[in-house]
Every structure is written in C-alpha cells, then in structure tokens.
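The structure appears below as structure tokens.
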Amino acid sequence: MTPSGTVSTRLDLLAAMLRIRAYEEKIVAFHAAGPFPNVCTSVGQEAAAVGVVSALRAEDQILTNHRSAGHLLARGADPGRMLAEVMGRSTGYCQGRSGTLHISVKELGVVLTSTIVGGELSLAPGVALSRAMLGGEGIVVCFFGDGAACEGIFHESLNLASVWNLPVLYVCENNQWQAFVHRKETMVGDHVAPWAAPYGIDSLTVDGNDVESVRKAALHAAAQVRETRRPFLLEAWTYRQRGHMEPHDQSYVDPAELEAWMAKDPIARLEARLLADGECTTAELETLHAEARRAIEEAAGFASASPYPDPSDLATGVYA
Amino acid sequence: MTPSGTVSTRLDLLAAMLRIRAYEEKIVAFHAAGPFPNVCTSVGQEAAAVGVVSALRAEDQILTNHRSAGHLLARGADPGRMLAEVMGRSTGYCQGRSGTLHISVKELGVVLTSTIVGGELSLAPGVALSRAMLGGEGIVVCFFGDGAACEGIFHESLNLASVWNLPVLYVCENNQWQAFVHRKETMVGDHVAPWAAPYGIDSLTVDGNDVESVRKAALHAAAQVRETRRPFLLEAWTYRQRGHMEPHDQSYVDPAELEAWMAKDPIARLEARLLADGECTTAELETLHAEARRAIEEAAGFASASPYPDPSDLATGVYA
Amino acid sequence: MTQMTFHDAVDQALHEEMARDSRVLMFGEGTATKRKGLLKSFGSARVRNTPLAEGIIAGTAAGAAATGLRPVVDLLFAPFLCFAMDELVNSAGKLRYMSGGQFSFPMVALAMTGGGWSVGAQHNHNLEAWFVHAPGLKVVMPSTPADAKGLMKAAIRDENPVLFFVDIGLAFTPGEVPEGEATIPLGQAAVRREGTGVTLISYAKTVHTCLAAAETLAEQGVSAEVIDLRTLKPLDEATILASVRKTGRAVIVHEASRLCGVGAEVAALISEQAFEALRAPIVRLTGPDAPAPASYPLEQAFAPQAAGIVAAAKDLVTRTLEAAPIW
Amino acid sequence: MTQMTFHDAVDQALHEEMARDSRVLMFGEGTATKRKGLLKSFGSARVRNTPLAEGIIAGTAAGAAATGLRPVVDLLFAPFLCFAMDELVNSAGKLRYMSGGQFSFPMVALAMTGGGWSVGAQHNHNLEAWFVHAPGLKVVMPSTPADAKGLMKAAIRDENPVLFFVDIGLAFTPGEVPEGEATIPLGQAAVRREGTGVTLISYAKTVHTCLAAAETLAEQGVSAEVIDLRTLKPLDEATILASVRKTGRAVIVHEASRLCGVGAEVAALISEQAFEALRAPIVRLTGPDAPAPASYPLEQAFAPQAAGIVAAAKDLVTRTLEAAPIW
C-alpha cells in the first residue's frame, strides 16, 4: 500500500504508477482469459492520478468516476478489495454491489464515486459545503473527464462552488476521448481549463503525462484552494491509451494520434529521467516492476478466492 | 397589429413599446380588480423586446419564456387572443390550455414557448437544426433570462449550437433579477455575455433600455448569424420594473436600485429623445398612448367575452 | 392547538428542526428571500439562496447529506424536479446501496404541485409516483397542516432522502396544528373517517374530496371509510388491507394521472393481498393521461370530483348485490 | 426470414426508415462512431455524434421534431434519461397539449436497460413506468428481434414521442426477422402462447422467462397463456382483459421494481375491468424495491425466475380450488 501523503520521492511516484499499470494490466489479462465485467482502464493516465493524489492530505476528500482505479490505488486502496469489487465478490469495497464503475472507499476519503458522467461534479459542492460548515482544513478534489465537462452540471457545479466559496479542486483529466467520440467533435477549443473563467475560477493546464509536473501543479492548486477556500480548476492533458473499456477496441482511433501519445507514456518518461539522472539502474527498475506485479497477483488471488454475496441479501441495506 | 419587419421608424418603435406597456398595465389593472391568474409582466423591458424583434424577418423563428408578452406583441400577436389565453379562454392562442406562462403562436414563428427556465435554451438548437437541414434563410432567436443562464442547459445549448454551427441568436435579457434572487447572488460577474467565450461564440452587451441601440445591435447580430450560420449571444442590460409576477411584490428589492432604473425607463427615454429632436409633439405622444390603450381595451373586451373551454375537452389532443 | 396554514406549518417544522439540530440547513431558489423568519433565526450560512439550477441544488444536498449535514432543499414546483432526477434518483436514492452501505442521505426535497393556481402543466404535474417507483427514496404528501408539520419533522429526522410534496390547493388553507413535537412517523396512514361499506383511499387534496363524498354517501345510506395515505413510501399496507378486508370495496382517488400512479400500486396491493375479501371491482378515480391544463374550469375538472366518487362507490355497492359469484 | 440480433434488427429498421424518409436523422453520444453503416449510407448530417450532454440531445430532438424533422436519439442507458427528463417530459410530452395542438413531436428516444452486464444501478434501472405515467409519451419495450424491428419502424413513423427501451439481456441474442416492411403497430400485445388456466403477462426479457415457466407448467398440467405487452403505452387493454376473462388468473412479471411499475397498472386494470372473471388474487413477480446490484449472482436474482413464476401460478390454481366464495 502507498498511503496518501507519504509519496514524495520520484521513486515513490514511479512505484505508485507501476502499481496502477500492473493493476490495469491484470484486468486486461482477466479479459483475455475469458468473460469478465467490462472495465474502463486508466492505462496512460497514471501520472495524473499519482501526481494529484500525492499532493493531497489525509483529511482531503476525493470524488471520482468510472475510470477510478488510478485515483483509488494512489490513495492507498487495497487492490485485492478493488478487484474483488470489480468481480462482484462480497469482500469488495462495496460488497460487490457496485462492481467496477463506482467504487467508493469512505475510510480513505474517496466518497460518492459515480459512473453517471457528471455525477461527481454534482456531488462535490455538497461535500465541500460539509467541510465548510462542519469545520476542518480538508479540501475536496473532484476528478472528471473532458466529456463530463460537456454536461450541464459542470456549469452548475463550478458556478455554485464559486458563488458559495467552496474549497473544491476540480481536476479535469482531458484524455482526448469521450467514450467513442473525440473531444474535437464536442468542444470548439482543445482545453477545458479556459471554461473556468466565466465563474471567476482560476485554472491551469498541466502536462498530464509528466508526473512531477502534475504533482507540482497539484500542490500549487491545492495550496490555493486550502488558503482561499475557493475552487480551482486543474486540467491534466493526457491520453487514454486503451479503448473506452475492456474488452479493448480502438478501431475508431487515429493510429497517428495513438502513436504520438504512446511515445509520451508517463511511466516510460519518468523511468528515462531517473536513469538519465542516475537515480536508479535498469535492474532496480525491474525490481520495482516485479514488486508491483507481485502485489497485484496477490490481490487477484484474494479476489478470485473471495465468495460471491448471498442472493438472499439482494434487497437489504437500501434504506438506512 | 405591428407585423414584424414593418417597424423601423422611431415612432414605430415607440408605438410598439407603448402597446406592450398598455398590455401589461391592463394585466396589473385586472389584478387590482380581483382574482386573476399570476402573470410575469415585462414592464421596463419593452426596448429589449421591440429592439430585437424589429430586427427580424418573417421567416425567422422565436423561442421565449414566461415573460413573453413583449416578444409576442412586438412580433404582431393579437393582444385579444393573448389575454384570452391568460384568462384560460377557448379563443386563446393555445385554447386556454397554456395560460399565461407558455403562449406559442406558431403562425408568427413564436414556437415552443416554455416556462421551464432553460426550456427555451434546450429547444432552440433543434429548431435551428431543422432550419439548417430543411433549408431556408431563417434564423432562430432564443430569448432567455439571466437566471436561465445559470441552468446547466445553457452550457449544453451553446456548446451544441457552436459545434454544430447552428444559426441561433441567443438573446439574454439580463434584468438583474431571477425571481426573488438578485443576479449578484448567483453569478460572480455582472454580465452573461462573457459566458459565450468558452464556446467560441461571439457576444455583445447592449443598453437594453435604449430601443434604438438594441435594434442596431440586433440587426448586427442577426446579420452575423444569417451570414455565418453560427450562434451569437446578445445581452440586453435591462431591468424588471415590477415584482417577479403579479400580484406585485418588491419588498425584497433595494429601493435605490429600483429608483435608478426607473429613471432609465425605455419609453420615457425614447419619448424625451423624440421631443428633443423635434420629431413629435407632446400632443402626438398623447395620441399614441391613447391609441395603445384603446387597442388593449378592445382586446380585453374580446378576451373577457370569450367562453371557457368545455371541460369535456379536458383530455383531448394529448396525442397527435 | 393553533390555526395556521399548511405553508406556515411546514415553516414551523423547519424552524423547530433547525433549532433542534445545527446540522439542518435549507437552500433553494429564493429560500433566503422568502423564508425571512428562518434567515433571521439561523443566519445566511444555514438559510441560503441558490443560483437557478435544480440539478446542483439537489446534488449539493446529496453530497452534503452523505458527509454530515441534513439539508432541506426547496425545488419549488414538481416539474422542476425533472432537472434534478439524476441527483435525486441516481445519487441520493442509489449510492447507499451501491456503496455497500458506506453512505446515507438524510435530506428532504420540497416541491409544490397540483391544481388551483392555473399555472399549467410545467408547474403542475403530480409526479410523486416516480419517486415511489425509484428505490431508496421516501415520499410524503400530506393533506392537513398538522400532518405537514409532523411529517416534515419526521422527514428531516429520517436518515433517507425524502420527497415532500405540497399540494398547491392546500398550501394556504388553514387548519389546527398541535403545539410542540407532534412528529408523525413516516409510513403511517390515517383513517380520517370510519365506515363499513366501502373504503375511499386517497392522499393530499383529494382526501378532502373523499371526505365530502363520504358525507354525501352517509346521507344516502352508504358507510364509507376514508384513508389518508399521508406517506406514499413506505406505504402503510396494513391500514389499507385491514380496511378493505372490512369493507370489501375500494375506491382509490388521486389527482395524479392514472397510469402507473400510486392508485395503481394500491389497487395491485389489494388485488393480491385482500382478494378474498373483495366484493366488487377496485375502482380508481384519477387525473387523466393528459398534462394539467391552465384554464380554471379545465383544471378543476382534471382532479376527481366528489360526485364521481359518490357515484363510483354507490355503483360498487349495487354491483356487489347484483353480481353472482362465478364459482 | 433472416437470423439477426436484436441490436441488428433495430439497426436495420433505422436503415430502412432513413432510406424511406429523408427527414429521419439520428444522433447521440457515439452514434456516428458506432453506427458505421448508417453513417456510410446517410452521411454526417443525418448520423451525428453529439457532445456528452443528454439534456440537449433530447431537447434538440424535441425542437427538431416540432419543426419538421423526425429525430431518433440514442441516450445509451436508461438511468442517463435522468438528465433528459425535462426535455422528454416537460417539453416533448406536454407542449403539444399545452400549445393547443400547434406542435407535434415525432421522435424516438432509445435506451438500454436491464440486467446481464453487471454494470450496476447507474446503467441498469428499468424506469419505463415513469414514461407510462407521464402524459404525451408512448413506450415500447420489445422481446424479440422481429418485434424490435417492426416496432422501431412504427415508432419512427408515429407522430408522438416514443421511448424505445432495449433490454440489455436481449440485445445480442439472435432471432428470426422477416424481410421488408413487417411494421408492428404500437399498442398491440402478442399472445406468445395460448392457454386456459392462468395468464402470464410480461414484456421484454421476462417474456422468455414466462415462456419457460409455461413449458414447465404444461408438464405439470397447468395451461398457461403468455402475453407479451410489447408496447407499454398505449397498453393493449383488450388483449389483457380477454385473456384474463378466459383464464380467471393473472401473474404479472417484470424486472422493473415493483412499486408503481407497469405490473401495478396491469393489476389495477384487471381488478377493475375483469374483476367478475377473477378466480384468484392477481400476483406480481417483479424486481425488488432496490437498485440493481452489479454482482452477477445478485443481478440474476434481481429479475423474476421461471421457478418463481411456476410456483406462483400453481399456487393460484390451488388456492382457487380451495377458496370458498365469501358471498
């Protein structure tokens, strides 16, 4: 586990990204092996997740969406309980009732995960309102996609957070795709960050495939939210390396675009930098990769061995 | 009647505004006289309505909302059939089924009037899509309030109109109030026009209480939409002189604000200008006022004498 | 006992609950402007105006409810809930279950509906049945000021999201309201009038129509029991079934449209659980499958009338006597 | 007859109708990407991708429908309709009536729902009953590829807004589809199996569960009639009532949650219109009042099972024999 707040060295950042990559690759392997629930992987977006989450404090809260594995793992979630949830097992974080698309882990402050695109945006101001009214220093981080920015609730969420001075750090992972549609078909500009201006919200676009840049930008943005108790919009410019979901399909993706972005893989970039700076050796990197894979294999073993919930439990716990 | 497109002289503009004022004052009088359906009057906003509508062509279409009397009358709607509709009579434009809040007059191109704040914004792109795909030179004008601009559908509507290149002239009547809430409580800036920028939509704010300025701006904006077949946002900076609806209540309004705006009354301003320029005499103005009142009295007589629909008709015409 | 309007009774409940529990807050379009008393007592942090945006009002309530506050939101008129369905249904209603019980959503969403103001179908649409159908939500629709107060207090204290509908036709009608607590548990119907020959089942404004009909029926020798559901979810099945098992006949009355309305649920319940006691068909008198018209006479005709209830009840009694059992 | 999946049958209907009528167009999130055949045949003006914004997709369809086009919109999964309720219900459903008939809304809104993919309650929520309850809308939910094609063609030709729900569990199941026209009028149920002892009434996926149950029941000496509603609004009341008048017993089955669902409407209809013919209580077997779980075994248990239908039907037959008439 990589508890939030303890990640700070470049090697820590790498290890956190490798863990996410190994997790997603295990999902891909499960799919290759036979029927498995559809999953939206975050392969290629590890730097955005790790860079932002590493900049947060324990008391901060996170809202995320269908593409949440990076955020959860970076925050220290147990990959075993995550995989168990994906597989609908009773040991999953949500007792198997969520499945892959809306895993919340309240004990880590990952709250109200929703797969309704825009759901996270609709809920974040309320979570921040609780923070504002019940005290505490925490801020609320709301991860969402470039597609979610096209939903009306984006407008309502940012406007309310601004007029009510709510401490929300909005983080848009602009991964160029909105399921099967390129963002070029859905917005006139390339970037979501400028959409914050009408609400008087400061914003910044960062190279989302450079984990160190993301971390730096997130530390800056989070500090501003903490201090001003006002929202901020951080856009991570990144790429969804795989299809919208597993099983994988990229037939509609321009191969040149894909190739250009594959060359900017966030893990390879950090590794190259570490090697160039002499901060580690190829062998040490190999060890880190192996350790990540081992941890995920163990998690997969736990999940696969976990029982399904009892069907007689089907309709319990709907009401408090 | 003042058929659209034939209004062009300053005296025509004045007559059109006087007609609206007389209509709304009749509504106020009806309220004073006894129970009458609640109505949202457009007193104070006549210049925005007349200035924009006078700049349109017969083939253009208009969408409006709960505060529609100015738009309808400026477009040439019969005040008798409008009042009949307000009073729920079968001679009303919608057979009494609409009442005051959603009067459509398809034959004049005033389509799909909706009292759902944001309803007009949700429907306008589709009307414009029909224009774009079925041919014709017409453009679509969508009147909405500063409050409506806070609904998420504003964001979705402008974004779609932009990425699909739809000929929509969005006209925001920023009358400073959103029912019982001042716009200062709901948006950080004063103006809605800058909210068009993220969508790559050009915009302009005009003094909405100066009918000649509005007409000029609307002619410019409409010409641009006609030529580019792209949306444009025109903001008319104006004021709701009465309460949100009749029966009238302004207890929550800052008297200083009200006073300042009353001094900018659009009718008084044009009259002063006409007198100063020697374009008409006080006596001629009196005649115009009297004519407007007479026409509305006649309309009120027609409406009051009209029958109610037959209750047995209650559930007919729901389906086509 | 004090006389006050339905609207004031709701306001008093809000006042008492906000005084009792500092986590309770209220917001909506014009809430701070219109609820001056609340604003004065509890300040601008707990009584807020919002931008005109129902989605984020409801979403903010859900987010706040899940993390420690107990929001009440005023969404004004029921059709405007159409802009808040995702937040109410997909978030507040489902995320408790979907998260394996990690969150709860103690919140109340208030909205007016029903005929009486000639405002037309975009302000007047009785869509309470939608929220009965959706899981995880509770639904309240009272018929008297006393119930409005007692149920609002219970709704605020409930750990689940509650939709609280105010019938426009009742909002400014005065009635007796008891002092102090007088909380009314969610899920308890009220027997407004006892009777033996037929059960009239209703809620909100049409409870009063049923009571008027029962009066007329009594004059004509038919003893009608009148049940006021008060809470539509959870539904007080026991009270409904006990009554129909006694009378053998049911007339269900509401202003909402007929198809898949609350009346359908009540009829289905009876036809499954009290079938053996039924002595006549179950009749529904409801609004038609049409938008609510603005025109006053049409709007009045939209809601079921006492004369229709009387006729239906008498018909059931007659048909029972005439019909021969088929087996 | 050709074998094709439900999904392909819908696609074929779209193809034929777009070829027949140049006013028909289709748009949605990924429509142009996923419906390559349509895009190729009809071009990018008539087959469009949209931004991710269900409200404006539905609103644009309504605005276009009222002014000369005949849009089909793909809203993907039923819970996403929560972002389009205003446009579907307040605009498309009401503005014809509210305008005194000045507009009509010939449009189709497509959405998937139902169990089978373990996607959880924010993708799987059978909320067809909401649209049956709301005025001005029609609702279709077919159970076979042939019906999917025939009903989609009819839906596109209808002058009213039609909600077209595709049961996820059926979408990729192949079946026989007739060549050419084979349009199926909206509002006609199908008797899938004739029988005399009990009527099983259902729609979409659970029609097949009912057919399986009928098979078992036949082996056990109970003759079950199976009705596939196909169109939920307008409901084919005549077919339902004729069957129950014949069998005297009804079991209503659907995956949607129980309260105020379509089953409630059907039960209420029968209990009012066919009461004299009823020989046993009307039973509903439905999904519970709970969000749909993702976990596969729970998701399977959410929908009614054949064994439960068999047991319920047999119970009704038994109870009829034992029960004595009470009057």
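Per-chain residue numbering starts at 1, and chain names A, B, C and D are given in the order in which the chains are listed.
As a working rule, a residue touches a chain if its C-beta (ideal position, glycine included) is under 8 Å from a C-beta of that chain, and two chains touch if they have at least 3 such contacts.
Quick caveat: nothing in here was measured; it's all calculated off a predicted structure.
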{"item": "Residual chain groupings, excluding subunit D and keeping positions", "value": "one piece"}
{"item": "Chain centre separation (subunit A, subunit D; CA means) in Å", "value": "36"}
{"item": "Separation of mean Cα positions, subunit B and subunit A [Å, integer]", "value": "46"}
{"item": "Separation of mean Cα positions, subunit D and subunit C [Å, integer]", "value": "28"}
{"item": "Distance between the centres, which are taken as Cα means, of subunit C and subunit A, whole angstrom", "value": "41"}
{"item": "Of all residues in subunit B, the ones touching two or more other chains", "value": "95-98, 102, 114, 116, 118-119, 150-153, 155-156, 159, 163, 185-187, 318"}
{"item": "Junction residues of subunit D - those touching two or more other chains", "value": "50-51, 53, 55-56, 79, 82-83, 86, 90, 97-98, 120, 122, 135-136, 288-291, 293-294"}
{"item": "Chain contact topology (line, ring, star, complete or other)", "value": "complete"}
{"item": "Contact set on subunit D toward subunit C in their complex", "value": "79, 81-83, 85-86, 89-90, 93-94, 97-98, 120-122, 125, 127, 129-130, 132-136, 233, 235, 248, 256-257, 259-265, 267-268, 270-273, 275-284, 288-291, 293-294, 320, 323, 325-327"}
{"item": "Interface residues, subunit C side, partner subunit A - complex", "value": "23, 25, 45, 48, 50-51, 53, 55-56, 58-69, 71, 86-87, 90-91, 95-106, 135-136, 138, 159-160"}
{"item": "In the complex with subunit A, residue positions of subunit D that touch it", "value": "29-30, 33-34, 49-56, 79-80, 82-83, 117-120, 122-123, 288-291, 293-298, 300-302"}
{"item": "Contacting residues of subunit B [partner subunit A, same complex]", "value": "150-156, 159, 162-163, 185-189, 194-195, 197-200"}
{"item": "List of subunit A residues in touch with subunit D within their complex", "value": "37-38, 88-90, 95-102, 114-119, 147-148, 150-153, 178-181, 185-187, 252, 308-309, 311, 313-315, 318"}
